[in-house]
Amino acid sequence: MKRRTFLKLSAVGGAGAALAGCGHQAEQLIRFIPDETLIPGVATWKSGVCAQCSAGCGMQVRVMQGDAEVFRDGQFGVVKMGLAKKLAGNPDHPVSRGKLCVRGEAGLQVTFNPDRIKHPLKRTGLRGAGQFTQISWDEAVQELLAHLQPLAAPQAAVSLAFLTRPLGGQRGVLVERFLSGFDGARLVPFELFDDAVLRTANRRSFGYEQLPTFDLAHCSYVISFGADFLGTWNSPVAQSVGYGTLRQNRSGIRGKFVQVEPRMSQTGANADEWVAAHPGTEGLLALGIAHVLLKEHFGHAEATGSAGMQIDGWREGLPEYSPEAIAWKTGVAPETTTRLAHEIAAQSPALAVVGGAPLAHTNGMFTALAVNALNALLDSVGKPGGLQFTPRPPLSTSGSAQDISEEGKVDSIRTLAQQILSGQRPIELLLLYEANPVFATPPGWQVREALEKVPFIASFGTFIDETSRLADLILPDHSSLESWIDAAPESGAAEAVISVAPPAMRPLHDTRALPDLLLDLARRLGGRTRQALPWKSYEEMLQAALAPLAHHPGSVSAKDSDEFWKKVQEQGGWWSTDASLVPKAKAPADSSRPMKNQEPQFAGPAAEYPFYFLPYASQPFFDGRHANLPWMQEMPEVLSTGMWGTWVEINARTAATLQIEQGDLLEVASPNGKVRAPALLSPGIAPDVIAMPAGQGHEDYGRYASGRGANPIKILAPQVEPTTGSLAWAGTRVNITKVGKGELVLLTGGPTEWGAEKVTR
Amino acid sequence: MATTSIAPEYAIDIKPDQIRQDLLRPIFQTSRRFYVLVFFLVAIGLPGIFLYANQMSEGMGVAGITRPIFWGIYIANFVFWIGISHAGTLISAILRLVNATWRRPVTRCAEAITVFALAIGAQYPIIHLGRSWLFFWLMPYPSERGIWPNFRSPLCWDFFAISTYLTGSTAFLLLPIIPDWAVVRDRASGFRKRIYTILALGWRGTPREWHRLEVAMRIMAVAILPVAISVHTIVSWDFAMAPVPMWHSTVFGPYFVAGAIFSGIAALIVAMGILRKALHLEEYLKPSHFSNLGKLLLVMSLLWVYFIFAERLTVWYGNQPAEMAAFWSIQRGRFAGLFWTMVSCNFLIPFPILAIKKLRTITGTMIASSTVVVGMWLERFLIVVPPLEHKYLPYEWGTYHPSVTEIGIAIGTLCGMILLYVLFAKLVPIISIWELKGGQHKKPFAEQALSAASRSGVHLDSTLPSTNS
Amino acid sequence: MAHRWAMVIDLDRCTGCETCMAACHAENNIATVDAKQAARGRAMHWIHVERYWEGEFPNVRARFQPVLCQQCDAAPCEPVCPTYAAYHNEDGLNAQVYNRCIGTRYCANACPYTARYFNWWNPVWDKPLQLQLNPDVSVREAGIMEKCTFCNQRIVATEIQAKAENREVQDGEVKPACVQSCPTTAMVFGDLDDPNSQVSRLARSMRATTLLSELGTNPKVIYLERESSHGND
Amino acid sequence: MNNAQNEKTPGSSEGKEKTSADRFHRDWLVVSIAVVGLAVAATMWVSAARGMLEGQDSSPAAGAPAVSTPEQVPAVFTTARRSFFSAVQEYFGVQGTPVQPVQFNHSIHIKNGLQCAGCHSGVTQGPDAGIPSVSFCMACHQAIATDKPEIKKLTVYAVKGREPPWQPVFWFYPEVHVRFRHAPHIRNGIACEQCHGDLSKETVAVRSKELTMNFCLTCHKANAVSVDCVTCHY
């Protein structure tokens, strides 16, 4: 209610000020002369690229004229400017195909968010106290330069690290090149739900270190191991588009879809069959199915190439993985396994998908390899109706963030934290961009402590969050709608794609686009950095990068480079089915050492902590980055219908035995911490599993997210998947105790015992 | 008309002057108790107005109603008050028509209840509007937009029914007061005299006037009955016309009317009981009156039980999933407590009291009636809320908790009702003097008229029409 | 010329991704209420995906059903409105005229689908969030009933456009925000009067059904039942 | 079409007729006010108590002093009226007389052969006619009539890089929820003066016609255009 206390009178209704705009305060403000001419009330759709996640969907942005309250040369007033009103998918774009996901639609509220950082800030209070003061861009840039220059010197003893969300496309390249000017500079991409395990596994099995693309549209049978591919995983929009065709309007064919996971996800809810295998045993089940297939001579063990060879005993037909043998571990009845195998054999093309929780166990690599092997056995790789690997457009600059990793300049946040704390590598300066590891890493990794030891932190982020709160200097970036934006989708399309779009609207606040800022810094630094980044503006860089594409057959045909560039902008990117672009598989790495089955390791003794703990990527918030958008806060998570908070999902029967009722406040305790959240009874979760949506429980992330709900990541054990060192976020056990009554905000007021719920037709 | 003889237990053998003194006392002398009472009523009632103002300024959100329970206490109160309003006009009209002579001391306080309860009840549809200030769009009037109200809407019917009933019962109340005001006029002096001179509309008490009054009253009595019935039927149709589980029922019309008369009589008995004590009318409102009304109440109580049984049985037997949800929530869910309270208030408690002659004393009927009044409010509440909580799609169900605003406004209107009644009893002889005297002696009507007239100091020419004897 | 706008929702394609809900918020200036109000059931989602559990663990499945105003031909909400704020327009839409609404909320009671939403308060946007508001759609103040309009503003705009180019509105030319955004193309919008339109064809499907059909409201939102590849369900 | 025009000319008489119709309509508003009066008074107290009544009275045209700091602008956007006063104003549809920052002379421009759509360029393409930016005016006026006081005013704005705070003359209160689109009307040959009066006879534009719903309906009916509510109200 507080928000509306300043005035009340509803009497005689509304002030559509933005719309009619009569007699409203805005009318009495200074009116600046607009620097663009738009026809009032007429909408234009401009191309854009969705920056809500790394899928790189192509968008269209509906732009209309409106009155924006802005600061212009120190004065506050109103200016008529083009404003983004609505986002929609770009129909021509091979990834999004005219669609977006729920989080993508909400991208508008990032640009118009009241909590955006509106101008450069300098820390005044103690670090982490969140006291900042406004400074000018010149001051800000000067200050940053002062810290950069010493590091730019050759063989500088100390160095800098660039902590960022995984950057695709040219932004990634730009950052990488920027860092190349500093000796020992580290790029530290961080994302909670990263897919490092799957990438590495794909490299070992198929020779592509990237996420797969699924041709669901032509597939007849999909078995998915824990991958929430319709909701939050990989390229959800592209996969949803395919799923639509998987189900309907192929004459006579309706693809079957089986989901294997202990907690029913939004994706699982759509499955024809939902198999609740024990957490971490998905790989076993995959091999169990493979066992049956091999036994019944469906496909040949030899024909699977390196993918099969990754698995120990593959040639022998996986003797240890008979349905009976694995049944007691997976909790899946042998006949079920056998039946699934037979269904798969009967319906081709069939496809196995793995992602999410199964790979977030200590044995994630084994699971990934197992499912890859199954895919190879189903002969689904590179085939229609199977999985493919998106080709990379041949850009003049190197392609994307993944490629840098080979140059060994990349650290995980975990190693960085360790090195800082142990003093191995002195980090003088940390550059921070839209990554929030303080929120999204287990306390055991001591990220906060590490960052606090860094002498100087400069953040380019758009919002104050738990991590950027630690910054000494904040140079806010434009929003994705206000700046040149590009993406090179890693997956989601069978063809090579690069999405590029010019700014859809002018900046609302006194911010600067990160790429242009870095180019400016490079210019001022001179030397190697300057050579690495010769371009005057990011637009120039993009144009240069895409220049070679003009000579390829693709979505854009133009007579000269300028026209090409113009058309690319209009179209929102460039894509091509040109076969020559399809990359050759790299030599599969260490295929020599086949992998034996590994038991998943769980932190916490089973006796003391009887439940598997499963934090999951939330439908509205993903990993928590969208928790500051009011639309997302009020968007009910579809299965629980929960809004504005966190809850603990528990099997209704288990709850009954523990006398836990809907809405009871539960304390979820792991060996590494405790969180509290109300209980949500659900039939769609295994009796020995406790699940919590990630994304809430922010301490400091704007007015909508701060102090709301609980953060399940905070009780995770610092478990890692050994081969990649990425967080095994599903590898923790917990115990629950009832501590009172909680506040549960649900959209449905209906009964929670599912028996009573039936659509009355 | 043939004056009927009066059974002894109703006979009031008091000197005319005494009657006048008794009945006019409240008008001519004001006790301190009166001012205290008025003060408290205003003090308790005023917050209601502020809460309503606040509701208009902030939005309906201050009320407890929410999606999908879009109607709450407001509408419950509306139905309740309209129900109460059936006390007077209906009863007194019936009694007049059947010439139940014992009615005489009862009718006026009954009719007063009608008018005021209606006035109060009619506020609620406006209070519960999201944009009260546009309520007049319910009225048909020629506007430049050329838009008329939607005559298919039960709310529109409500508007006509209630306004008609209000006008009718007001006339029904005022007509027989005129002679009494004349009496007051003749006794009063100064300021008060001037007021009552206007109110008395120059009543002189000529036989023609008496005759006209008599005729008018009979016409009104006949005319008001169908109106009264229709009003509550239409109120019931507000619910029955909407396809909401347990609302969409044919029994609602008669069910509501019965309930209305039921609560009406109860309210009347309570009012009489209080007046009797407050204004020392022991001589006029005798146990027999209470006993008679008690019998009436008993009948209605039985009728009410019959209706609620019939209504709920059919729902239960029909066993439609959508309806059963609401049904069980009332029988054994959230609302079970309220439901069984209601049943005991409307039947279990009053029935024995009213059925056993020994218990049907003034106190007895008072107790019975007050429980009935409470019970009937609960009934209205249970009709409005539980079905809305359980509409067809289980996903959409919700729960309703009344807010301070709703309760405050409810209290406010209750005080308003009492206040109006108190003021009325202050300004008007709450028992019809002339009727009382009419019933007192076995005299041909015209002579009563003459005597009344002469007594009231009006000099008539001696040639009297020898009216029926 | 008059149309009979209708929507077909294929429950076999719907994945409960809720993109339609976000799209609707963006298009129709639907305000978010805060957590406190949402907890009281006052959240506004003109379209929302209803989830119904079926069966028990481990043989449990959830069914998703996007519910929006069903735009009934025989709409219970219309006759009960005393001011004609809710009425049936010539294109067969259940129109809601905000300026005519006095907030009796009778329509919302009468609606069996509870598809109507009431403005309990004046909507509030923290600046500059209001810059996103769609100028083609009114901002509804407190005391007014609102609901899905089938994106009437888009229908009007398209019709005006078609008239300007003096031609008929093409099938699939009008796309409400939810339809436009639906990743699985579970939703299709069009004219039932045109027998060849995609909605007409889909409406003739074996799987076609309507919500609460026994109430005889003749909804113009037609659901295609979810199929099942093997027995259960 | 034609008969519509016949009906609609000359503007003034039309205006009279309508306003009288309004009176009739408004009488009923008065009736209602009597009823809500008490509550309304209470509202004032309530709101006063909440300090709601501070610093407003903002009738559209009450050329209030320019506020120029964000503090003076509400931090949120809402449909709530700013004050009880403005609420009542809107209730009765009172639209004050706009006070323009620059006394723009329509008639001169029209006499010099300028077309309406020349400056109000949005009128043919979109819903809003739009008021041209000051820079548009200066295109001519840095040469033409630079000595005139009003033009001097204009120049000052232009130099400062400010738009004159033009006040709308023809406008609807938001609560009428009208989505009016100019372009279709123009396309169908509705002349500007049909709704805006003959500007060639006016210097500073005045609301020479009451754009009541009846005004719209009469023309819509006469031209057999849809009078469906949601054609305009949505």
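For clarity, chains are labelled A, B, C and D in written order, and residue numbers in each chain start from 1.
Throughout what follows, a residue touches a chain if its C-beta (ideal position, glycine included) is under 8 Å from a C-beta of that chain, and two chains touch if they have at least 3 such contacts.
Bear in mind the structure is a predicted one, so any value in this text is a computation, not a measurement.
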> Which chains are in contact with both chain B and chain C?
Replying inline: A, D
> If we look at chain C and chain D, which chains touch each of them?
Replying inline: A, B
>> Comparing chain centres built from Cα atoms against the global Cα centre, which chain wins on proximity?
In response: C
>> Report the chain whose CA-based centre is farthest from the CA-based centre of chain A.
In response: B
>> Applying the document's contact definition, name the chain pair with more C-beta pairs in contact, A-C or B-D.
In response: A-C
> If you average the Cα atoms of chain A and of chain C to get two centres, how far apart are those centres in Å?
Replying inline: 30
>> Based only on mean CA positions, could you tell me how far chain B sits from chain D in angstrom?
In response: 51
> Hey, how far is the Cα centre of chain A from the one of chain B, in Å?
Replying inline: 67
> Measuring from the mean C-alpha position of chain A to the mean C-alpha position of chain D, what distance in angstrom results?
Replying inline: 48
>> If I count partner chains per residue in chain A, which residues reach a count of at least 2?
In response: 3-4, 8-19, 41, 69, 641, 748-749, 757-760
> For chain B, which residues are shared contacts with two or more other chains?
Replying inline: 56-59, 68, 131, 133-135, 392-396, 398-399
> Which chain D residues sit where two or more other chains touch them?
Replying inline: 43, 47, 73-80, 84, 91, 127, 174-175, 177, 181
> Quick one: do these chains touch in a line, a ring, a star, all-to-all (complete), or other?
Replying inline: complete
> How about chain A: which of its residues touch chain C in the complex?
Replying inline: 1, 3-4, 8, 10, 13-19, 41, 43, 64, 66, 68-69, 83-89, 98-106, 108-109, 112-114, 230-231, 236-237, 240-241, 243-244, 247-248, 254-257, 264, 266-267, 269-276, 508, 619-620, 630-636, 638-639, 641, 643-645, 651-653, 683-687, 703, 708, 743, 745, 747-749, 754-755, 757-761
> In their shared complex, at which residues does chain B touch chain A?
Replying inline: 56-59, 68, 131, 133, 321-322, 389, 392-399
> So in the complex, which bits of chain C are touching chain D?
Replying inline: 84, 87, 89-91, 93, 95, 97-100, 122-127, 129-130, 135-142, 149, 152-153, 156, 160, 163-164
> Which residues of chain D touch chain C in their complex?
Replying inline: 73-80, 127, 174-179, 181, 183-184, 187, 226, 228-231, 233-234
> Which residues of chain C touch chain A in the complex?
Replying inline: 10, 12-13, 15-19, 21-23, 25-27, 32-36, 38-39, 41, 43, 45, 48-58, 60-65, 121-122, 124, 126-136, 138-144, 177, 180-186, 209, 211-214, 227-230
